[in-house]
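Remarks on the structure that follows.
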Amino acid sequence: MTDWYKIDRQGGDRLTDIRQFLKSVLGLESVSAMLVPRQLPTKDAVMPSLVSRPVLLDDADPLAPAFAVNSAKNISQLTRKGLDANIAAVLRPCEIRAHIELVKLHQSASEPVLIIGMDCLGAFSNRCYQAFLEENEGPASEAFCRARLSGAEPSNTVEISPACRMCEQPIPEGADIILGLYGISLDEGLFLQARTERGKEVLDNIGARGAKAPEQREQVVQSLIKERTEKRDQVFEETAAAVNTIEKLSEYLSGCVNCYNCRVACPACYCRECVFTTDVFDHDPLQYLKWSERKGALKMPTDTIFYHITRLVHMGTACVGCGQCANACPNDIPLTQLFRMVAHRTQAAFDYQAGRSADEPPPLTIFKEEEFDEIVGLGS
Amino acid sequence: MKYLYYPGCSLEGTAMEYDISTRALFDVLGIELVEIDGWTCCGASAAEAQSELLSIALPARSLAIAESMGTSIGDILVPCSACYLNLRRAAEETRKDPDLLARVNQVLEPEGLKLQGQKRVRHLLDVLSNDIGAMGLAEHIHTTMARYLVAPYYGCQCLRPYVVFDDPEAPTSMEPLILATGAGVHGWHMATKCCGASLMNIKPEVAQKMVAAILSGARGADAIVTVCPMCQVNLEGYQGRISRSAHRDLHLPILYLPQFLGLAMGIDRRALSLEMNLSNLSAFF
Amino acid sequence: MAEKSGSALVIGAGISGLRSAIDLAETGYHVFLVDKAPHIGGILEQLDHQFPTNRCGMCKLLPAVEPDQASQQCLRRGLFHGNIEILASAEVMDISGEAGNFCATLHQHPTLVDPNRCMGCGQCAEACPVEVKDTFNAGLSTRKAIYQPAPQALPGTHVIDLSACTHCGECVSVCPTGAIRMAAADRKKFKILVADEASSVREQLQTLMAGEGFLVDTAESGEAALEKLKSEAFHLVLLDIKMPDMEGVDVLKEALAVQPSLQVVMTTACAAVQSAVESIKAGAADYLVKPFSEDFLLPQIYRFYEESGKGRQRELSVGAVIIATGCRYFNPAEGKDIFGYGLYPDVVTHLAFERLISGTGPFGGRLVRPSDRRPVNKIAWIQCVGSRDLQTDSDFCSSICCMSAVKEAMLAREIGGGQVETVIFHMDLRVFEKPFQQYLDDAKRSGVRFQRCRVHSVACSEDGARLAIRYVDMDGAREALFDLVVLSVGQRPAEDAEKFSEMLGLELNPWGYLAPRPFSLTETSAPGVFLGGAVSGLTDINDAVIRAGAAACGASKAIHKSGGSLETVESADDGRDRDINREEPNILVILCVCGDRLKALIDMDVLLDRIQTEPAVSQCLEVDGLCSPDGWAKMLEELKDKPVNRILLATCAANAYAHRRLEIADAAGLPEAAVQIKDVFPSDWFAGGAPAKEQTPYNTGYVERCLKLAIAGLKGIHWGPAEKIPVYQSALIIGGGIAGMTAALAIAGHGFRVDLVEKAEQLGGNLNWLGRTIDGADVAERLQTTVSRVNDNSLIHVHLNSTVADIRGSVGRFQSTIGEGKNAQTGHHGAVLLATGGVEGATESYGYGKSPAVMTQKAFETARSEGRIDPAALSSVAMIQCVDCREPPRNYCSRVCCLSSLKHAMYLKEQNPDLSVYILYRDMMTPGFYETYYTQARRKGIIFFPYTPEAKPEVVVPGQNGDGASRLRIRANDPIIGQSVEIEADLLILATGITPVLPGDLMSKLRAEVDEHGFFKEADFKWRPVESLAAGVFACGLALSPRLIDESMASAEAAAMRAVRMINRQYLTAGRKIAVVRHSLCSGCQLCISACPYGAREIDPEFGRIEVNPLKCQGCGACAAICPNSATVLAEGSETEMFEMIDAAMGPV
Amino acid sequence: MLSATGSPTVYPEEKAEDLLGPLQEKLCACIQCGTCTASCRNAHLMDFTPRRLWRLVLMGQTEEIFHSKTFALCSACYYCTLRCPRGLPLTDAMNLLKQLGAKKDVAGYRPNARFYGSFLDSVRRHGRINEVEFMRRYFILMKNPAIPIKFTPLGIRLLRKKKISMLPNKRKPEYPLDQFFQRVEKLENQQ
């Protein structure tokens, strides 16, 4: 479904229009609360917040280039054990994709959540966001938005995160309602697209009126995707060259201290208890000595490469490329590049794309008589 | 050893040399050929194209005469493949079909003849390769034929449709006989390919193409040996015309098998009637 | 283990024999599995790839429920089942007695190699100087006279080919374990008489054989020979067929009268072979053609010498006999050899092609030409070689060749990366079973070319480099060049068929195959004797497995009926069930030191020191000469009362001992799993390849690493008490047609209660309207007998007008609601059989419904039997085959329609010879001996028009298009004359095929799958054809796939056999290697539920937890692999164990 | 003719004459595999391949069959008979067609029929064949001056070799078979 709606400018800036729209959604009887990035009152930080009082949406800031948490994890917390209410969630495309993966893994529910997806302009890493704030003396979401849409650099000192720079999926395809930004003039008001029956119903109920599709959008989006895809492939190439031997890989990951932050930040890492914190890796003290004896010296902590490889195996099919792993790393290991590259190739092998559709069964859960003939076939 | 002998019409005419050389050969081998008294034509390919019953009754007549000559003489030896097939067919079909036998005997009866199916019909090649054999021949070989490479040509009707003494597709029975003379055997694919038979009379252009293919296949050999008058005359009778239309010299000596064997056994060329062959046999003089 | 009294003899250990044997063994009988060959597996040993998966899959014959009954290993390597005694290289010489009490006499062929000593090291074969064609590789390579009969078999026991062995003794001298017995001493006692007129022959033979140590005497005349035979005993006589004073055959007869057990071998010149063959009938053991060469003669003499050895006869008492000796294949070199087989090395049979592309084949799986080993670019398959050919006396179809050629062509394309051009020259494509048509379509899509014709001949191309195939297409004769030509050679009856026919008074069909009784594929005229597999005609694997199951069912019933008990006997606890899970690992390491040889290579003290530091190792025991019986016995003695719970046996050639693991376990009072036998040093250390002394530290490290790896593995061995699930000892059968009734009788015949549920008001299903089969058998009469047998059986409870409203549970414990409302009953069953049948397909094609003259086959059959068809009043009848069949959406052949049309056509022609009958067909499906009816139909003057799906016939109904014609008009194309023809017909009969009737709701409640056409989906089409992957759920008859009456009944018996095997004991024991869920770790992502191929997992609705059904779980590990945090693990193979093993394997050398 | 009109043949046909009956009986087990065609050395010269001819026989297409030159071109090499997977007597069937062709006096087959006829006349007269007499009669019957000319070179060579003679050979014994032939004809007509 691709019905377009329009909400005329209310006079203020775009953020004000968006807040107005969100308020009208939260005002609906069918929506009990709204998960949305919001400026924290106490600090210059933007974090996802579950808002139930509409007036507090005056602090909502979904345009802010901050991305501290992938909210799919929050939705999982809200819905996994069953939620007897309906909520709305304002999400980035990668958050929606992660949400879809978690639904398939029975870690989230899709029914209680109305998803409002934002065209994604990208975000800074936590650290860069702080620098950006300092540079602008305040949130400056509107300025960021204008700069990104016009193709200008939003900051003189910091770049948006590597994950966002190579993201070729900036449109929130899996949302109920898409809030369009790309290819839409700032003066024209808000353009919203109903992607599902449910989204259409909401837009009808808040009184949005039907509109023609924004003319420029398709072209702008396609050229953006093309540019990002090229960027992505370039990154893949560089990354592959950087990790194509076990020695290079261990060098790549040498900064790892087993803090497991990446795992905690990863929206797809859903295990209740990670195998790396079970007794499997709680080695006997003597074992360390034995290893040391055999090699002469044993790097501590151990099992770091094993840990990352394991995560690549487990999450390679579900990685949505949100970049939270790198964002969370205290030692600046470029994990996003590595994970995206491996995940991309893994998913391609199964003709699967994480987060693309709730109807596609995850790889390995279905058995095909004929597959991977190049590996198992006679010709190999 | 004695055989009943059925020469057939061709051997009295266009294939006289086949008859003469066969008799000469058996003479040297010390085997008597007793000609069937008053044998008549086997019907050739004409009878079967005109009348089913005639095509059986005609050869059956000669068979019945042969039977009347008693059991002291052995099988019926037939050098001509067409006669062999017709006689054999009459023998086999009447054996399989008692009604047919009765009808044939109805035709024969006024002449005081009755077919009983006692005699075996044997082709000359069958007798040479199985009863006499290469070993039997070897005793009489006096002149080595080592100079010659010979292409054995079997044709159709001594091999097909009745599979009696050799593989109908890949026959080999002539080879030991040729080898016994010291000559070499030319390996080729045309040994069983039809020569055109009576098509040579009805559709000469067609038949001559078939012969051309056979003669081409024999290139490299010094001669082709045959065991059938029809094959012989078709292979040697038109070599000039065939060479002209093929724009190649396809002349080649064609001999009857007993002629060739006779040479090795030192029989006089005249006694083998080599001069009667239509192809140029100077290489064998 | 539960045991049942009673035993069965299965002759032939191919697919069919194995299936029957395993079925019977699982049911609890003792099975003697006999094969003439030195290995089991039959032809399957040679086939790496089977359609439709293009892989093997033979292991699927192994038990899936109670898997611990047999070693779960590749069946091509060997079968180890507690209830099966395999007798290889053995032949059944005689069978006497009656059902329930047969006595079979066996002759054990000598192999000269002691299987208990042979370790399969292969040094003997290297030493052997005799090279012969390797029949295993279809003659594409050579092997030695001593050889390993099947390369993949374990242990790799060698045998001696007595027809080739010269007894030179080279192998004896190199065998490291002294396994080869070729004692010369006994030869002095073996007396041979040479009877020949020619003194040269007498002298030659006497010198030759006396030189080998035999006792030789001679005779120059028949009289002299008989004189000698009267005065002293001889073992062997070489007798010339033409003796001066009397005929050899007469001497033979008299000689046998004097010494009945004498072996007489006729010697003959080439010319007298015919009379030699006759002498075999008179009792000669064999004949040999003169002149003899020494190389040829000696092996023959030794063969008779060895075969006459003592203890070769054995008698078996069995209750039932299954003959499953398979069939032979046509030899295309016989007769006319129009395809140059034997002449051109690149013309091969399809069996040779399978070897050619096999990884264990002569070329290591590379696709090359046998003649020059150059890559193959273009291959032709020629179908129907020695099939469907009256010239080779084969008025039958060999049934399997179409599919095997398609498979081989696809494999060739796969191996060649799509570059190899493949053409199949075929007549009809016989795609008569459910998945065949689809497979054929796949092949066409993948680029395999099909040329419909009969190939005329194969010759060498003019340049001599390739093979030229001559054939005919619609434009006339053509010639095409190929690198390789594969002949799909047809079937010929088993060598033994005639022997068994005479031995047991069994019927042979006109082509010499053992023939089953009407309406059965397995029963013979001799009660208690059954036929399995290809012995009654070649079948594909699916059919062979079904027939084998049916044969096993028949045998089981026969044994049961004659008093073989179905009471289960629990054997005494002997340590096999000991729970070692709860015990700390306490390992005994046994190290075979091989005399002083190991000590010479390693530092034993250092090694023992390092091993003893391993806390789990309690003791390290040095033993010597395990490969000798003494050494082995001594080792077993040492095990008594050792307080250990795991044993590691460290040797060379561990494979050679694998099958003796149980002996060790029993001696130590441990479960078999607690014993591991491992190679810890390469066997060539002791076979000339020994490393230098200065390498001692390295060698010691090597052995240490191997030992520690094995120890790490042994620590993780999991062997707890197996879970036991109580069983409802009765069966539920849904559907009361012929399949359901047959299954009911088979199960009740074993003494179990059966609920037979039929939705109609009477039993019989489709048989109620079927009058006669094509072979003239009376269907109605058969139906009546079956119905009354069902009604008379007190164990069968028939529920008419009923359905199964609900069903729950799983294998062993199904609870069902039969009927509805107040009549509903609750049923408790251990197994469920779906025999819900099928109906004639509906159609709207070809004017059906627009004219009463257009009718279906069923309508015609019904009208005919009700006397509403008057053949005399008809002048022209047309039939169209494959109506809405064999193309999507119903892309399968319905199997029965071609035979029905032939039956109807011949009926009409017989009733009214002036009547014209036209059959419009795509491919006539008359597999096997049904082909002869196709021939008969043609002979009766029925005219056949082939059509293609692209150009279907067109039908004009009278009155249509304002047409004034009074008759139907069918327009079709005749490809031979290349013109369209128009048939005016009084009647048009449409073959609309069969569609299944399978209750979808019940199937999903049973967690059994339905295929895309609505048929029951087999666990595996070939290997497990009557059961679902959901254990305890079976199907038979039309619910499985379209089939004929006898085939439906065979499937019913096969399914019944499998069901009996589930319900014949009070408890079913789960396998020990199964998965468990650690709920505290489980995140509930349910990936494991989707990944489990056996439907063994579900969410417990009460706790929301994932539960594993222990009977369904096969321990495959798919769940453990997909679970990210090891919340589900296999009983063996946890991460900790794996890590330890990896660690050990990476240890120092 | 078959392909000329494009209109389909309609079955079952009215049975005009039961000429083909015995032939159909011989051939009805034919499966149209084409082995006969591939075996035939003359197939490329034939307007209908042997396979097509047999199909036409089974379908009762008398007219097409006797318009065809196929059976006239059969040189009776028996290859098809040898190879036929149904073991059908195909050469015999060709002979039967030749007999029918002669009986029906089919225009296209007339030269062949006359050739065989002349041959048998000679046999009937003398018991054995007199080649010169038979050829002479054949030429006269054909009334085509081109035919004898075609044979002249060979004839002259044979004459020169004294294998044939223009004069009736007095030495040769004669076995007149006229009565024999009459008995055959009579018996055949009874059938």
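Letters A, B, C and D mark the chains in the order given here, with residues in each chain numbered from 1 onward.
One rule holds in what follows: a contact is a pair of C-beta atoms (placed from the backbone, for glycine too) under 8 Å apart; a residue touches a chain by one contact, two chains touch by 3 or more.
From a predicted model like this one, the values you see are computed outputs, not experimental measurements.
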(message) Using the contact definition given at the top, which chains are in touch with both subunit C and subunit D?
(response) B
(request) With contacts defined as at the top, give the pair, B-C or B-D, that has more of them. (result) B-D
(request) Express in whole angstrom the distance between the two chain centres, defined as the mean CA positions of subunit A and subunit C. (result) 55
(request) List the centre-to-centre spacing of subunit B and subunit D in whole Å, with centres computed as mean CA coordinates. (result) 23
(request) Give, as an integer number of Å, the spacing between the C-alpha centres of subunit B and subunit A. (result) 95
(request) Find every residue in subunit B that makes contact with two or more other chains and list them. (result) 168-169
(request) Would you please write down the residue numbers of subunit A that are in contact with two or more other chains? (result) none
(message) If a residue has to touch 2 or more other chains to count, which residues of subunit C qualify?
(response) 336, 338, 457
(request) May I ask you to sort the chain touch graph into line, ring, star, complete or other? (result) other
(request) Sort out for me which residues of subunit C touch subunit D in the complex. (result) 336, 338, 384, 388-391, 427, 453-457, 470-473, 476-477, 875-876, 916, 918, 935, 938-941, 943, 971, 974, 976-984
(request) Spell out the residues on subunit D that touch subunit B in their complex, using ranges where they run on. (result) 41-42, 45, 72-73, 75-79, 81-82, 91-92, 95-96, 98-99, 102, 111-113, 115-117, 119-120, 123, 127-129, 131, 150-151, 153-154, 157-158, 161-164, 172-173, 175, 177, 179-181, 183-185, 187-188
(request) Over in the complex, which subunit B residues touch subunit D? Could you list them? (result) 9-10, 12-16, 38, 40-41, 43-55, 57-58, 61, 103, 106-107, 110-111, 156-157, 160-161, 163, 168-169, 193-194, 196-199, 201-204, 206-207, 210, 237-238, 241, 275-276, 278
(request) Could you please specify the touching residues of subunit B with respect to subunit C in the complex? (result) 167-170, 189
(request) Name, in rising order, each residue of subunit D that touches subunit C in their complex. (result) 2-3, 8-12, 24, 28-35, 37-40, 43-44, 49, 51-52, 55-56, 58-59, 61, 82-87
